[in-house]
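You will see two complexes here that share subunit A, one where it goes with subunit B and one where it goes with subunit C.
Take a look at the complex of A and B:
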């Protein structure tokens, strides 16, 4: 094994189609017009020495090391900033160039410490490499003069020296090693788009400064790691590399955080993970990363991880560690007993959007084939189930229409109900890059998110609607487009059903859908809305990106349909730069839906009542499948409270914390007789569990994740599972204990079974993924290369379907007792319920959930910034600290749900989407009042959690 | 003249930014105006300017620190700048500099204890033909000799 090689071409690739031929060092080379001489050389295998150039950022021309000579041209131009031209004859190594380069290196080294042997970058230092490449043997200037290297110069304090900044938990900034190449500054600007770094001062006084000469952690830095990756020296270095040393091999794998699905190289020393480095060939992230994927993997070795299976009779008992066999036998016996006693339908399972496709497939197979019912559901129920329904109805597939690269071709973007800079940071960086190139942005969100206004980003229109009025606003956009004749008639006639369009157009054209008519309850200025509609319809390639702010409503499915209508009416489907793009929350939420995790669907979104589909699986699995859809999560909980549902197998999901109306969830779980939780940690749901099966991390197993763009990415095992087994093995062993004859030796065999039974995965296999890197489904005979963009020559369902979208106000209404609307979201540094990120250094950025409240609402209630407040709804109450900010409008409050002590879901109600039961997290009527501390529920719950985490024979951790 | 005013820096910065943000490339004019208003560029102004111009704090900081003319703290009531570039040095600038330093009793970058004068080096006033050159409160003086230096110091002292 060795490190996965990555070539640095020095400057970004040119997109030009015209080719240019030139001669470099006697080799004839043909490259696209606009390519730099540096890149052209590298493509021919000729390395031109360089320090300030790297192919993630544009050429800069400051280091003066990459100079070349061109016949017929004066001087020595920099190869990074000089584009190729036909017939050029270039020399990269001449006597003159040698002397210049040596001279330049001498100057660099005269102000650089000579501690190479003990330097963290030893073995991975471009400055060292270049000193070697140019043959530097001596530094004529000596080391005694002015410098940034030594804390003291012959006894005197050296004012130019700066101490290391170790404030960021993951990397250090050592100014003494900086050569001021500006790669970090440019990476922060061009790749990440945060602009947190600058060069302060000038000349010999120039240095890299985070913010206004601040510590990294206090600056605008979002810790994405792009600067660390760009740094050619040890100036910016991962602390893990300082601690461990350089990695010796690396493996390409896929991040297990959000739905962007970034490809990373896990750089290893033996079985020890040294660092995660974004992989440039990763087609979702193109070499970029965020703080979570890049740095927040410490949870995988956290002391809280449970490594042995555990059992208890009652949830009030302490846990008892048992062997795996005992655990399997216990679960099998209990599930069989419950089914015998209460009927076949009295047990079920929940698949995980965090686990691999193969694992999800096995869990649903266990339930359908082993339990003999269809009581399987997944956490997509609570996030993107309306996407599946809405896009399925209108377009014919339950997934986004584009790849992430498509954003590079878009001209107008609508972001609705999504906060990509926090939730999907790598996509946000790609979007921001396009916006800086001139694309226009429309943000529809109750909050003034970072995309509305941040350095070099300004939304053309921000529609700050009242939570819960998405349908009205999107329908009003359509109203403007239809009544002003801005729709794309040719596209609609060609690809959609014209009479359905006419019906829909007549509906949206009704005056009650006009921006002026809806202003009263949406709070959106009609002129702004009209401007946004005109821009979207006429601004060129229009794309729509949306998140949970769309789906998690009582009309979630309706909004998805309204969005699809809008895209069809403006002809924005079926090519690059357009489309409808759900930003999926979890790494494999797309995959878990694809794998048949819903009670009514077999893998590939085929209905359980379809005889032909059932037959495929019945034949292969050798069992008779039930043709009736099973229970959804909320129905399971209802049935449990009623006493007809008694056993649940939950793989990698924390429904107690993530599902709405916590009290109802806990009541349902408490009423069951055998709750089996398979997870890394004793999560909140495990407080109500009888059996705990330790889970494994994404670093410990092989498999595939499917990201938001339908891309099937490989996950590769880089270390032995600490708990002994990958999750798919645990499910298989459990199935065997229940008498099923399963004998998968490797996840690739599970994928082969998926491919054999599911047409949209027909050509997918591990060998094929190895060859292709990744593919986007559908991947079959029709599209063997996969399908980056869908509906290219027509919709999957045949004709695109326009559906009327009637706005119906949610039943969750504000009134005198609960006058404010609570909506929820996330922050960049934490992920979902925080089970992983809370167990990393990411808590530096977000140690608690805060309630954002507008200064007016705060003042009315006598609340100051940082005060404890009581947050009460019709469902329950909790307490947390207030953050007074005008990011939220008056009448709206906002919080995150990353910390279990906050229990934001004690507040949320059990209203849900009419079509899919997706809970209405985003709208809850609440009242806020000052408070002294935790609510009774929080105190009781803390006590319960403490008691239910006891493990017999182990002392409780003193906290 | 460097007049020191105290007051609500944020609000006044905001007013200056609102006036000038319509210009093409408004950052430098805004910083000039801020320096004219406060006598220096207070650190508290930077985040306000950044937010208003849709820039990052880092970017504004980078610009401010690039130009020596933007001060991070108030100068004396008068600022005397002596040209230290090649032409002036060759015409006896060093001598003049030493003379002025001893007259004021301070070194470059320092301000007299009574807050009257700040002495600064400058690298080329573009007045090489009249070297050595100096600038007192924005007014240039050429062919500075011992007498003129004394006069300038006296004027600045007032």
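Take a look at the complex of A and C:
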């Protein structure tokens, strides 16, 4: 094993199609026009010495090391900033160049510490490499004069020296090692788009500075790691590298956080993870990362991980550690007993959107083939199930239409109900890059999210609608487009059903759908809305990106349909730069849906009632499959409360914390006789579990994740599972205990079964993924390379279907008792229920959930910033601290759900989407009042959680 | 809220969407949706409300759709009860 090789070409690739031929050091080379001489040289295999250039950022031309000579031109131009031209004859190594480079290096080293042996970058230092490359043998200037290296000069305090900044939990900034190449500053600007870093001072006094000479952790820095990656010295270094040393091998794998699905190199020393570095060839992230994927992996070795299976009879008992065999036998016996006593349909399971495709496939197979029913669901139920329904109805398939690269070709973007800078940071950076190039942005969101206005980004229109009125606003956009004749008639006639369009157009054109008519209840200024509609319809390639602010409503599915209508009406489907793009929450939520996790459909979105599909699986699995849809998660809980549902196998999901109306969830779980939780930690749901099966992390298993762009990425095992087994093995062993004859030796065999049964995966295999890197489904005979963009020459369902979208106000209404609307979301540093990120240093950025409230609403209630407040709804109440901010409008409050002590879902109701039962997280009528401390529920729950986490024979740390 | 009420609310929510669709498609739209996504015991409860409680609380469109909704077979008797049945003689 060795480190995965990556070539730094020095400057970014040119996109030009015209090719240019030139000669470098006697080698003829042909490259796209606009390529730098530095890059062309590297492509010819010639490494021109360089320090300030790296191909993640544009050329800068400051280090004067990459100079070359060009025949017929004067001087020694920098190869990074000089583009190729036809017929150029370039020399990269001449006597003159050698002298200049040596002189430049000598000056660099004269102000750089010579502690190479004990330096963290030893073995990975470009400055050291360049000193070697130019043959530096002597530094004539000494260290006695002005320098940044020494704390004291001849006993006197050196004002130019600055101490290390170790404030960021993951990396250090050591100014004494800085060569002021500006790579970090440019990475922050160009790659991440945060503009947190700058160069302060001038000349010899130039320094890298986070914000206004702040500490990293106090600055705007979002800790994405791009600067650390860009740094050629040990100035910016991962603390893990300082602690452990340089890695000796690396393996490409896929991040297990959000649905962007970034590719990383897991850089290892033995089985110890040294660091995660974004992989340049990763087609979702193109070499970029966020704080979660790059740094927040510490949970994988956290002491809270449970490594032995455990059982208990009653949830009030302490846990008892047992052997794996005992645990399997117990679950099998309990599930069979329950089915004997209460019927075949009295048990079910939940697949995990954090586990691999292969694992998810096995769980649904266990339920359908082993339990003999279709009571399988997944956490997509509570996030993107309306996407499945809405896009399925209109386009014929339930997935995003584009790849992430598509954003580089978009001209107008609508972001609705999504906060990508926090939820999908790497995509947000790619979007911001395009916006800085001039693309226009429309944000539809109750909050003034970061995209609305941030450095070098300004939305052309922000429609700050009242939560719950998405359908009215999107339909009004369509109203403007139709009534002003801005629709794309050619596209519609060619690709869609024209009579359905006419019906829809007449519907949206009704005056009651006009921006003026809806202003009263949406709160959106009609002129702003009209401007946004005109811009989207006429601004070139129009793309729509949306998140859970669209789906998690009682009309979630209707809004998805409205979005699809809008894209079809403006002809924005089926090519680069356009499309409808759901931003998926979890790493494998797309995959878990693809793999047949929904109770009504088999892998590949084929309805369970379809005889031909069932027959494929029946033949292969040797069982008769039930042709009726099973229970969805909320239905399971209802059935449990009602007494007909008694056993549940949950792999990697924490429904108690993540699902709405916590009291209903806990009542449902408490009514069951055997709840089996398979997870890394004793999560909140495990408080109600009878069996705990330890899970494994993404670093400990092989498999695949499918991201929001339908990209199937490999997950590769880099260390032995701490609990002894990958999750797919646990499910297989459980299946065997239940009498199923499974014998997969490797996840690749599971993928082979998926490919054999699911037409959209027909060509997918581990060998093929090895060859291709990754592919986007459908990947079959028709599209052997996969499908970066869907619906190119027509919709999957045939003709695109326009469907009327009538706005219906949610039943969750404000009134005198509950006058404010609560909406929920997430922050950059935390992830979902926080089980992983709370167990990392990320808590320095977000150690508690806060309630965002507008200054007016706060003042009316006598609430100051930081005060404890009581947040109450019809469903329940909790307390948390207030954050007074005008990011939210008056009448709207906002919080996150990352911390179990807050239990934001005690507040949310069990109202749900009409089509899919996706919960209405985004709208809850609430009241806020000052508070002294935790609510009764919080105290009781805390006590319950403490009691239910007891393990026999192990003392509680707190006692 | 009792589970019966919840079911009525869910059915009515579906009907509310289809009310806005072309009238000739609406009942079929509601029925297809329920057939595709409702587990048999949920449909059984729905039929119970229709058959034994006069369809109380249900939207008129749901009632129009009822003839098109697949009637599930009676609930399976759990083996335990089936086994114990003869012993009760």
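In this text, the second predicted complex is superposed on the first by the 958 of 959 C-alpha atoms of A that agree within 3 Å, B and C clash if a C-alpha of one lies under 4 Å from a C-alpha of the other, contacts with A are read in each partner's own complex, and residues count from 1 in each chain.
Everything that follows uses one rule, which is that a contact is a pair of C-beta atoms (placed from the backbone, for glycine too) under 8 Å apart; a residue touches a chain by one contact, two chains touch by 3 or more.
All of these numbers come straight from a predicted model, not from anything done at the bench.
By the document's definition of touching, of the two partners only subunit C reaches A:806; subunit B does not.
Applying the stated contact rule after C-alpha superposition, one finds that A:756 touches neither subunit B nor subunit C. Once the two complexes are overlaid on the shared chain, A:454 sits against subunit B while remaining clear of subunit C. Of the two partner chains placed by superposition, only subunit B is touched by A:220; subunit C is not. Number of subunit A residues touched is higher for C, counting subunit B against subunit C. When the shared chain is aligned, subunit B comes close enough to touch A:199, but subunit C does not. In the superposed model, A:212 makes contact with subunit B only, not with subunit C. Once the two complexes are overlaid on the shared chain, A:670 sits clear of subunit B and of subunit C alike.
Shared contact residues on subunit A (touching subunit B in one structure, subunit C in the other): none found. Put simply, subunit B touches subunit A in their complex at residues 43, 46-47, 50, 54-62, 65-66. On the side of subunit A, the complex with subunit C involves touching residues 339-346, 374-375, 503, 507, 554, 557-558, 599-600, 607, 609, 628-632, 635, 638-639, 641-642, 644, 803-806, 808, 811, 910, 912, 914-917. Chain contact summary for the complex, subunit C toward subunit A: residues 1, 3, 6, 9-10, 13-14, 16-17, 19-22, 33, 35-42, 72, 75-80.
Of all residues in subunit A, only 194-202, 209-213, 219-220, 453-458 touch subunit B in the complex they form.
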